[in-house]
Every structure is written in structure tokens, then in C-alpha cells.
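Shared between the two complexes below is chain A, which has chain B as its partner in the first and chain C in the second.
What follows is the complex of A and B.
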């Protein structure tokens, strides 16, 4: 069974909506050339890099301007479809409707979890989002985490395969104007404990002591991330590499073995506050921080009804805290580059991906529990997190199931912005109105104001001191 | 509509509450035009009429018309009447709320900021003229806080200070006291309990300052306890206890009586078990064991057991036995101690001693039969197979002697299962073995797994939920896949599913011991146990009848 076929069987891989089929042979060959150091060197100055300011704050610079990531995770699966739906090739082009709404809200970047199959389709989406709406793309890769039966990070062949796959993606997309970052992995570190998506090897099993096993898995994984980051820097000097890590778990190990990563991307679900994460990160792995996934669902599991207010409340507090810790705010740690909310639209297939009938049903059964989202924690068995209800916009199925025409754009599902859409829009317009935030930031819309302002920097290739 | 919107609407309504009730006979009610002519600034009835006019506009959703009407009043000599400005702000707030109710977010966020500015101006204007109107000052403060905290409760915290200050000034009036309490109740239900607490403090202080008799405070405390208004109940009870400060022994006894109200009783969720234990300890420190009756000593021990403070519970049950050796609950308490000794203290010697004592006294009640099963089980675990066989055999004989069917009785069924394992030289049933291994062989204590019965004390045939919770490592939205191996007395359940929560029922009185072992992908995660007490709601004389009934319930537990 091929690697791709293995992935097709994976539950969680599907949950994240990824399509990780291998790129065409040409791309793979190209990546092999890259690995062998035969690829042509990229030229020009860096378009995206991180400045280290005099006060030690980290500031993301895009097209020569300070840039706070106001991002959202984007996986536009329509009602009635599942994880394997190829939205990159959606004839209704949902990103056109979404891009317009995102732009009005103030979103300046989207995060895709995984590349698609069709390179041209991906280029078109990235280009449309950027050129038409000024929205940049953070392109992710699972790093084979959802391979079936397990991601063999301690297996040399597996590592080579993952590396080749990522580099093929980078090679294929690095020249797209809309690219912002490469995001490696997503909560893969939760597997180190052996409780989630467990993987091991004979070498690790011999250690017996659970703590030693955990550390060995962490070292194994982070060295792979580091190798890939280094290779990406070589073939694409224009876009920083983000490592997607669940919470701060094992980042002390990453500090030792993943030094070439430019940005720590944390996935955080702590309710109203991110707690001490900004300070903690400085002490464990002093890199710029991007909150690559955070948010709140809009379903009250205790009252058993939609609760847009609850979602808006959490998201507003989360953004306020992000802004407190971006560069230039004297009261914050200055190490945060912004955030990426989970997520743009609801996804109706997520509760039980094996039940095709459920893809057309907005399920209200919770999938996990998190006490930090306290409004509905008293739900049965404390199951209060509703995976199908995280959208900033809800989706409404078309009445006749057919594509509808709207303002000259085909759409597969109607978009209805939730309260959070407006609350965050207002916050971004006037961040200082609700808190003592002073931020200097000006994204370069549509690439029109861009200039190549890159330069060499100590630390990772994407850090510059000012 | 979300709870928070309901809450904010409620707050807005509170500002307005007390408006004239609509007339019973609408035909007899004055027309709106008549009411308008009867609006005056100088007398209470004139103000009531104004309130009624506002209620009419708001009830019909005529917000813009209300604004026009109130604005017109300002030109007619009402410009120093705070009510006019207040109602104009109130009307706008209700309009915003109506948009929220219908999720007209564009309205809320496109027009809302402008409306909020106007509301703030009106409230500031109203405040200029509230001299001698503390109730109006409070209403203004509540509405101002409500407006400001719409989307940003933290930013409005300073305004809440103002609500509290205004509440203090206005708390002497009975109507305002009711308003304060309603506001605190709403905060407690929908919002930050700390904010509610601050208003309850104002309310309780005002109540105490009004000079009630101690018994009245006690009664008020009891009423609030019944309403599950814990904070207010505590405050009032503490006020009640203050009168006994000069007599430590009486104070201790009264403190225990208050503690009993907050402690676990088993039938429903306790009001505040931790607070109850703190009061028990305070009473003990004041007067020692003399502070307690047999009932309250039992309550204290049981409360500790429900809090999963097993070792202190074991000791508290011990003090109960020492102080009240003839108490009717003695055998039940002994049995609980036996279970705690075995599975919490992991002290099988003590457990065996206790169960033997219970068995020697009698094998004809449920505590005796349950002790026989525990004796068999612990001996079987310790590989004393002949001893185990002996205890299981006595259990089966006793069940038969009691006129019960050993094929149906729950304990007898378990004893026969164990006997078969011994006779066929097989390992114990998987789930049970995992549980005992988790208790007696696991290196770490099984603190990561908790099994709780709700309720912990139930009547026969009433549903009991058995709920397992686990403390997992951080895994984000990915939930570890766990398996739940149940064992022990599972009541009417058969073909037990591998899930974290089960619902069962039991036919006859007694303490039922349930166990669970939780398995993760890498092996055992932990174990836990629970005692479910089935109350004697069915008399002994009906025992035979129940047994017959049970035999008719296919697949249901015998005893």
C-alpha cells in the first residue's frame, strides 16, 4: 500500500481536511535535486523577515512594513462534503466570496493545513486571495503525522519521504507572491507522550522509562523539523519557517534541536487568556511566537444551542492579549507576531467523518472537553467543545443543493458572519479603544507596496536586529 | 440567543423594573394619549405615568418614536428630570438588544457605536439631576455598566464599582434591595460570580443592618440555601452565628448544624462540601467531639468520603464508631471503613479484619453479605483460594437461607463467577483483575481516574449514573482513546458497554461497590472505585416481594 493510500485511512488526517497526495513526479524530482544541493539559488532580498528591535521585541516585516498577522485557518469544505473534498479545485471558488468577506473584516492571512494535489489550482487560490484581497497564505504540512499506522519519525526512509514532500511543496509555491510562511506540523508533539497517535521505534522502546521515551521522541521529531527548516531556507530565503506545536510542550527540547526554525507556532486553547505563554516561551525557546491556532466554538454545549456571544467574548479577549504582546507595546513581552483564529467557516463533516449522512448535518455532539471554556463546561461529561462550530462565518446549505449565483461569483454555500466577525473587525479597527495598546503596523495590501527589504541577520536567516 | 445576551437584556430590564403593571381590563386602561397628558415631573404618579408611556413604546418596538417623544419632553419643562434622559438611553439599549436577539449584527456593529455614544451622553446628563434619588442613581449605574460591558466586560469593571457604590447608598429602601438582589442573582447565573458576590455583600449588609432577629437571619439563610444561592446563604448564616461568639460550645454546635446544610448528603449535589468541612473543623477546634451529634459526625465522614478525601473519611468514620458504638448505622459505617481500608488505604489486613467482624456479627443483612464477598475477593486476590471459596460458599448459603434466588442475586452471581474462576483455575475476570492490579500493584496512586456515582444515595430502582473522569495530559482537540473496564456490583446493567458513563439501578438496599479500570493506548491509566448506597425505601417485609419482582425482570439484578 502506498504512503498516500495509508494516509487515506487516517482518521485525524481527514479531520484536518488535508489532502496530502504526492506531488507530480516533476516536483518530486525537483525536491531531490534540492536535497542534493543542485537547485538554483534563490536571488533577491527577503520579502518576509523578522526584525529584532532594540528592546528585544520581535517584529514581523512584510514588504518593508511592520505586519501583525491577523489570520484565520481556512478549510472551506462545503456542507455535504468531507475531508477529502478538493476545495482547491472547487468550481464555485469559495475563496472569492470568503476573500471579500475576510478583507472587509481585516484578515490579512489565511492558514492552509496541507497542500493540495493540483499545483496550478493552489497557485490560483493563493494568487486570487493575495492579488484580489491582499490576503497572504501560510502554507502548512502535516509532516506525515496522520500516516497510517503511525508516523515513523525514527525511520530514515520515512524522514526522507516527508522531507521530500515538504520541499516539493516549497519549491512549487515559493515564488507565489501571496506566500507568507511555511508551517511545519500541527500538534505533532502531543504524540510524544504516547497517548495520542502513538509512534515509537526499537531504539526508543529500549529506554523503558516513560520520561526518557518522551524526550527521545521529542528529539527525534524536532531534529527532523530542523533539517527541513534548514533545507527550506536554502531553497526559499524569502519566507520564514513556522513550527506548529501544541501548547509549549517539549519546546525546551526544540530549543536544543530545532534552532533553525524561525517562528514558534503555538496551538493554544486556553479560553479567555493565553496565560503566561509569552513569558514562558522567552525562557524556553526564545523565538518569535505566532499563535497559529486558537479560538472558541459558537455552540453552548450545556444550553444545547448556538451561542455567538460566547465565541465573540473569548475571541475578543484572545486578540486583546495578542495585541498586548506584539512588538512596541511596553507592557507586553513583545514576542508575538499575531494570531490565526480557528477557523473561517464551520465544517459540518467533522463530528463523525465516517457517517456520510452527518456531512450534511450540523452536529451538536461535543468532541472534546476544555474547562477553560467555562460557560458550557457543565455539559454532560464536561464535553463542551464542538468541532463543527468554530467558524467565524456559518455556512448555510443551498436549498436546491445546486450552485447559486451571487454577485457574479459562484458559491457553494452561503456565508453568514457570526457576531465574532463583527466584534473582531471592530477591535482591529480600534485596538487601542478597548485596551492600552499602541501598535505600529501596516500590512501591504495586494502586494502593491512591497519592496524587497531583506537583509542578512544573525539567528535564523529571517531575524534581523534593528 | 446566548446566556450573556439574556443577562444583559435582563440587566436593562432591571433598570426599568417596577413599571406600572398593565391594567387587568385593557378597555379600562387609559389611552397612551391620556397617559401622556398625565406625565408630570413633580409627583410620583406623574413619574409612574411616564414609565407606562415608555413601556408602551418599548412594548411596541417603537424605539425611534420613543426617542422623539422623550426629546419633546425636554422642551416642555422636563429638562431637569433624570428619568427622561435615562429612558431615552434605556430605549436605545432595548433597541440594540432586539437587534442582538435577531442576530442583526450589522445593525449592532454599524449603528451600535453611535447609539452607545448617545446613551453615554444621556446617562451622564441623567446623573446630573439624581440628587435625592438613590434608586435612580443605581438604575443609571446599572445601565451604564450594561452598555459598557456589552462586548468588553473587563473594560467595564470600573463602572461596576460605581454600581456597588450606588447600591450601598440605595440599599436602605426595600424596593432597591430587591433590585440589588435580582441584579446579583442575574450576575450569579450568567456572569462572573465575583461580581455577584459584591452585590450580595451589599444586600446582606443591608439585611443585617435592618436589625433582624438572629432566627430571621437563620431562616433567610435557609431560604437562600434552598434556592442554591450559596454565597448569600453563607453570609447570612455567618451573621446568624455571630450571636454565639461568647459561648464556644454553643457556637460549635450551631456551626455544625450550619455545616450539615452545605455538606454532601448523597441524594443531590452538595451546596459546598469544602466549606462544610471547614465549618466542621472550626467546630471541632472550638469544642472537640462534643460539638457533634451522631448524625453530624456521620455527615462529616460521609462528606469527606464524597470529596474523595478517603483517609480523613476513614478516620472520621472511626470516630463515629468510637463515639456512638450502638448507633443504628454502625454496620454500614464499618462496611464503608472496610472498603476504604482495602481500596484507598491499600491495607488488606485491616480490611479483612473489618469484614470478618461484620461477617461474624451477621451474614443475614446486606452488609454481612457484602462483607462475605469482599472477604472472598481479597482472599482470592491474595491467592488464599481455599479461604476465598469458603467465604463465597457461605455467601451463597446465606443468600439461599434468606429466601433469595442465588441465580439472580447480584452478589451471589458475582460469588459464583469467582468460584468458577477458582475451581477452573482461571484468572480473575479481566476488568476486575485490572482494578485490583491498579490498586495493589501499580507504582503510582490511581489519582488520574475518578469514578463518581450521581446520586451516591438512591432509592431502589432509581437511576444511578456512574461517571468516570480522567485527567489527561494536554492533547488539544485530540482526545486520547481510552477503554473503560467496569467491574463490581453493576446493578441491572448487563453487557456493560465500554464507555465512561453508565446508568444503572439497584433493586434492594445496601452499599454497592463498583470499580473501573481505565486503559490507554500504552496500558493502564488508572483505577477507581465508588460506593453507591441504596436506601431502605423498600421495607424488609417487602423483601420477598421484591425478589419475586426481580425474578420477573429479565436480565436484571436479583438483590
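What follows is the complex of A and C.
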């Protein structure tokens, strides 16, 4: 049962004045527990749920109040380390520095992609962020997407293992006050067509028609997500389940097979606008929308230099559009719960994770191309997206004295906010007004006059390259 | 007393003359000629910006046979021989001559709101893809770009207007340009232009985007005037692709279909390839050129493979994102083509098609077509 439906059914139950025969027994038991000081804490304040307003808008409610997610993806990998670094156990506790900066900016939630091994360490981070800075946690799980070899979503043992792993995480963390959502998967749907981490099975391959195979993979994956969502609701009715999906691809299939997820979490890189996504989602999978990953990099691949203005301009436009579509705005679709920017800090390992020497180098070579980020699309081979430069804050370079050698690990907790940090901070203070910090509108790179028809030139691929 | 009356009369006369002169000046200010007659001092721009297959072009700017007004018109002859292998040609009126935005020669035409000109074809049936105002980039870029077209000419002088109301005309170097292509004019085109000028019309309102009527063709036949969008968005291994928009061998309907040949060379290192039909050509979201196709509920097209078994990963509409972005996107795929013609449909229900730059696209790769692919498309249209 989805969180929304759960709440609706509870409301219906109350309306009917429904009680069962066990009610007097339960009351007696509760009284005894109270006397013994063992009564369960009132959970109303920490409960997170989605309210459907009379006009059909979806409103997230947290601790009894409307809540717009002003989030950021958080993966504080220090310079010199790679994705497998256990930041949960980082002795320099970067979340303390970051939490303070985030709070000052107005961020109210962080998204972690995957739980760590050390449950106590995770509890400490989640608790610190919430109790010291009021920042809630969206805890994610890859659902085995990056397993090697490929994720076999059509294999029963694999499904059981993934499910058990997620539920163990939920069981361990569900009582943490700072928990906001559970986020299942991240762009796993790109594997249906084989673009990323291709997988299949004998059953699916027998279908032969590639479209039917794609749809079968989608059904297989979304039913797994649904089974997990249903189990999470059973053990933790207090926190909604988000499904992390790349774009809107295959959500028509999810509409049929993943009805129990509460929120559609979309990963979107469309430049300054999300386009028709808010309306489109209503037609394909009418669930509340959370933009669980979006943003812009701060490196101008054509000018070959850092460009904070460019990043700030895109992020500001993106947030304006998010606010236009949150509940209560008559001019929007009312189905957006907020957004989660990618990301808090730069990550220096990302350009080439296999090159250990590169983990200590802030690479400027682009990893993928996206014409929606049009200021630098005329870079060589149209490669304009710089994976190591998406941070709202950058890590101070070594010569500034921010880095220290500690147990063989180059670490830095010194953060330098980029312009986007201040621009979005000002926007959140007064969302109805234009930010008082000016972001310059600049033309793209100039060039020789080009022909008006028929010239053969390399263009922009359809999808984000990862 | 008589003296005072005389003085008053003189003052009134002077005032009236001054008023008339001012009005005349205002009237003159409301008209800014691009071309009136050969060597006229009123001319402000030069038809110097020859583009595309410029070797196919010749021009006589003092042609005296049946001008629309005055003593001369401009005669253009486009042979469509593809001398520079481009398949299209066009001419910009610039100031100074050959100014592609490197010099500050444009004019501030603020206060004017339309460009008018007269055109006739030598034989009738000549197709001009578009007439445009502005659009030259460079260091000193034009402040606007507005186009009309395609236009099929007749043998009689016909006036055309480009509505510039509400546009920023503070710097215009490219006063007018025309573009024609060889597919639409396989035997070339000879046509005449006269009396080009910017004007002010107080009744003119800014042009809204016209919602296009259905069916709205992307491709009907080679050179058909109802064709829209240009197959200009070459993606991936673009060197490995060939496109023939006039394949006469076994079209589904009409005289021709589109033949696409994708060789398995990975010449540009991408191992995939694709093509967008765009408007205007090469528009990756940098130009304000989208069509309002809100009336469409689906896009249909016919396709077949040369051998059968060719796999196209995606056919789609929209999805171009840039400074000007498509308002939505939709697609189908993967699709394995048959040897026989088969119709495919992209469902557009619930989609926002109010602004579409990328009218149609396909993409595939070598992993699913290790030997490359040859396939045909026909009758691509919004309905």
C-alpha cells in the first residue's frame, strides 16, 4: 500500500468511526505501557506523508507542516579518494562543516545514494545533520545496479538479495528522526534498452522483438521496486518511498507495475527548463514528482575555465520552474514536491575512476555532451558536461592550505561556495521575487557565420552520456 | 494693428512649413529602403552575402525588364548545379558589403515594424525556402531573426511582408536574405525582387505563433512545398551517413522516398548515428524557430529496410534542448524494420507540442547493426 493510500484509508477509517473488538484490550495495554514508561512515542510529528489537496495538488507534509524539498545530493568524497571511500566514517566529519553551510543556504534535505557498511556511523551522520542543522536525509539504494556482473533483475535469488539488503537498511534507520524518504534506484531504467549496465534473461531473450524485450525488462524491474516499496510500507509507514527514474522513460510501464511507490523521483538534465515534465507525468504516472537529481556544472568547456555564472543561471531557472509547480500555485501543475540539486561538493575522482592519480586532480575534460547546457556546447566534439564540477561548493585547492595529509589520505573540509550557493539562497528567501544577485545573461561563444541550411555538423545525442 | 497681423501671418506660415517638414521627415523616417532602383542613393544594403552553392548563383541588380516600380529590379538565377556540393544557396543584403558581423555597419531600425518586398518568378513554381530579416551572428550580431516561407512564386509581381512588430530592431545588418534548395528546384530557379523596404504600420500587431493545421508534413516527396523541417541534425558518426531525399526506387507513395545509408565504419568514433529534422536547419535550440503543432495527436511515418532486420533504436519527435527548447518529446523504439513498407505511429496524446524545433529524428548504433543499415522513410507527417 502506498503511503498516500495508507493515509487516505486511515482517514476513511476515522470518518466511519471504525473500531474493532480489540479496541478495549488495546486501550488497556497502552495504559499499562504508559504506566511502565514504555509507551510508543507519539509519531504524528515525525510522520512524513503526502496530502492530496482539494484541487488535486500534492503537498508533502512533514511533522504536520507543508514541506518543499530544498535538497542536495551529498557525496563528500575527499580529494584523492574514489567512490568506494567510506565517508560515513570520515574522522574529519565533513558533514559538520557542510551541514552548517547548508543550513545557512536554506537546504533542508540531503540525498545519499547508498547506505554504508557501518550502521552506527550512518546513524551518527543522519542524527548530526538533523539535530544540529535541521537537515533531513533521503536515503537511497542502488538496487544492485552497479553490481558486477550486470544486475540480474529477472533472477529470483538476485531479487531476494536486493530486497533483503534494502529492508535491512530501512529496519536499521527507520527510527532515526532525520529520515525523510527512501529512494529506490537511480536511472536503473536506462538499462532496459541496454544503454547502461545491460542485462537480460533467457525468458526475455526468447521474445526476440527488441521492443517487447525492453518492455519485459521494464516490467521485471518495476515489479521488484513495487515489491520492495510494499515491504517498506509494512515495516515503516512513516516515510514515503521514492523511485529514482532517468527522465520519464518507461513510466507508463511503472504506472501498471509500480503502483505502490509514493513519489516519482526523476533525474533530469534539460538545461534551464524541465519542459513539459510536470504535465507529462500526470498523463503517464500520476504520482507526486520529486526532482531527485538535476543541476549544472560550473566549468565552461568552450572557454576552458571555471564559470560560476553559467551554473548559477541554470540552477536559478530550474528552481523557478520547480516553485511554479509546487502545490498551491495556480499557474502550475501542483505535483512537484521540490528538488534535489546535483550536488553539494565537486568530486575529483569522477572523470576517470580507474586512474588513481586523477583522484587528486580536478579534471577539466568533459565526460558527456548535452546541448541543453548551451553556453559551452560548441566545445570540441560538443563535449561540454564536466562531471567533476557540479558542486555548489568547491573544494579549496591544495596551495590554499586546505588540504592536509592524514593517514595517507588527502582531505579537505574547507569549502568555497560558488555563486549558485548565494543565488539560490536568495531565491529561497523570496521565491516570488527575482534574485537580487544578478546573473549575467551572456551569449554563447561567437564564431564565423554559418550557413543556413543543410550543413553537415555533429549534433547533440539524445541522452545524457554516463 | 496691421503690422501685428502681418507678423502673425508670417509666423503662422513659418510654423506651418516647419510642421509640414517635420511630418514629411517623420513619414520618411517610417520608411527605410533596402533596394528601390539600381544605384539609387536610397539603397542602404548590398546583396553581397552569397551562401551555400554560391557558384550556382548569378545576379543582375539593374535588370530593366518589367520592374515592379521605378526603372530596375534585381534578377537572380539559381542553377541548382550544386557547385559547392551544398544543395542550397542564398543571398543576404548586408552593410557594408560582405559584413558577416565583423564590422559595425548595421542600422538602428527601431520604430519600424515590417519589411515589405515584391517578388515574381520567371516561370512560376519556383520555391524559396525562406525569406528572413536579421540572423547574422559574429561580433556585431543582428538583434533579431524573423523568417517566412516556404513560398512558391508565380509569374506576377506579388507583395510579401515580414512582420517585425515587437522585435528588437536596434541593430540590423542582414536586412533580407533568401534561401532556396536544389531538391525543391531541380531545374534551378530564376526570379526577380524589387522595392524592398522597412516600414511602419500602426495597425500591425506582433505575430503570435500560428498553430499549424493538420496534416503537417515533414516529408511528402522530394522538393514538395508541403515539406517542413530540414534533415540537418547529423549526429554521432555523421561521416558514415548518406541521405537521399529523392530515392525513386519503390517509394511508398508519390514519386520518391528518403533513403538513408549508414555504413559500419565508426568514422567519427561514436559507433552510433542519427539525424534530426530541424527548423531552421542546424537549429540545436539556438534559434527561435519552433512550430506550434498543438493540433497533432500523433506522428505517422512509413519505413522499410533494404534487407529487412535493420534495427533503429529510436524514432522520436522533439527533445532538442537549448536556449530555445522543444516543448516536449515522444518516441518509439527499438524497431526492427521489415523489407516491406510498414507504418509506424508515435502517440502524441497529452504532449505539449506548442513549440517544436526537432520535428523528427532517428538514431541507431553499430552494436545492433554490425554491418550498417540501409533503410527508407516516406510520408512522415503530424496528424
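As a working rule, the second predicted complex is superposed on the first by the 373 of 466 C-alpha atoms of A that agree within 3 Å, B and C clash if a C-alpha of one lies under 4 Å from a C-alpha of the other, contacts with A are read in each partner's own complex, and residues count from 1 in each chain.
In this text, a contact is a pair of C-beta atoms (placed from the backbone, for glycine too) under 8 Å apart; a residue touches a chain by one contact, two chains touch by 3 or more.
Everything quoted here is computed from the prediction, not taken from an experiment.
Peer 1: Quick one: is A:211 in contact with chain B, with chain C, with both, or with neither? Answer first, second, both or neither.
Peer 2: Second partner only, chain C.
Peer 1: Using the superposition on chain A described above, determine whether A:303 touches chain B (first), chain C (second), both, or neither.
Peer 2: After superposing on A, A:303 lies in contact with chain B but is clear of chain C.
Peer 1: Considering only the touch criterion stated at the top, classify A:193 as touching first (chain B), second (chain C), both, or neither.
Peer 2: Touch partners of A:193: chain B and chain C.
Peer 1: Can A:275 be said to touch chain B (first), chain C (second), both, or neither?
Peer 2: Once the two structures are laid over each other on A, A:275 reaches chain C alone.
Peer 1: After superposition on the shared chain, which partner residues are touched by A:312: those of chain B (first), chain C (second), both, or neither?
Peer 2: Only chain B is touched by A:312; chain C is not.
Peer 1: Of the two partner chains, chain B (first) and chain C (second), which one does A:283 touch, if any: first, second, both, or neither?
Peer 2: Only chain C is touched by A:283; chain B is not.
Peer 1: For A:377, is the partner it touches chain B (first), chain C (second), both, or none of the two (neither)?
Peer 2: second
Peer 1: Looking at A:368 after the superposition, I want to know if it touches chain B, chain C, both of them or none. Which is it: first, second, both, neither?
Peer 2: Once the two structures are laid over each other on A, A:368 reaches chain B alone.
Peer 1: Jot down the residues of chain A that show up as touching in both complexes, chain B in one and chain C in the other.
Peer 2: In chain A, residues 193-194 are touched by chain B and also by chain C.
Peer 1: Spell out the part of chain A that touches chain C in their complex, as residue ranges.
Peer 2: 193-194, 209-211, 214, 270-273, 275-276, 279-280, 282-284, 370-372, 374, 377, 443-444, 446-462
Peer 1: Quick check: in the complex, which residue numbers of chain C touch chain A?
Peer 2: 51-52, 86-88, 90, 100-101, 129, 132, 135-139, 141, 177, 179, 181, 230, 232-236, 238, 268, 272, 274, 276, 280-282, 284-286, 311, 313-314, 316, 319-323, 325-329, 332-336, 349-352, 361, 363, 367-368
Peer 1: In the complex, go through chain A and note every residue touching chain B.
Peer 2: By the definition above, chain A touches chain B via 12, 187, 190, 193-198, 246-247, 249, 267, 269, 300, 303, 307-310, 312-313, 316-317, 367-369, 375, 380-382, 385, 387, 417-419, 421-423, 425-426, 434-435.
Peer 1: Mind pulling up the chain B residues that touch chain A in the complex?
Peer 2: These residues of chain B touch chain A: 2-5, 100, 103, 105-106, 108-109, 113, 151-155, 467, 469, 472-480, 500-501, 520-522.
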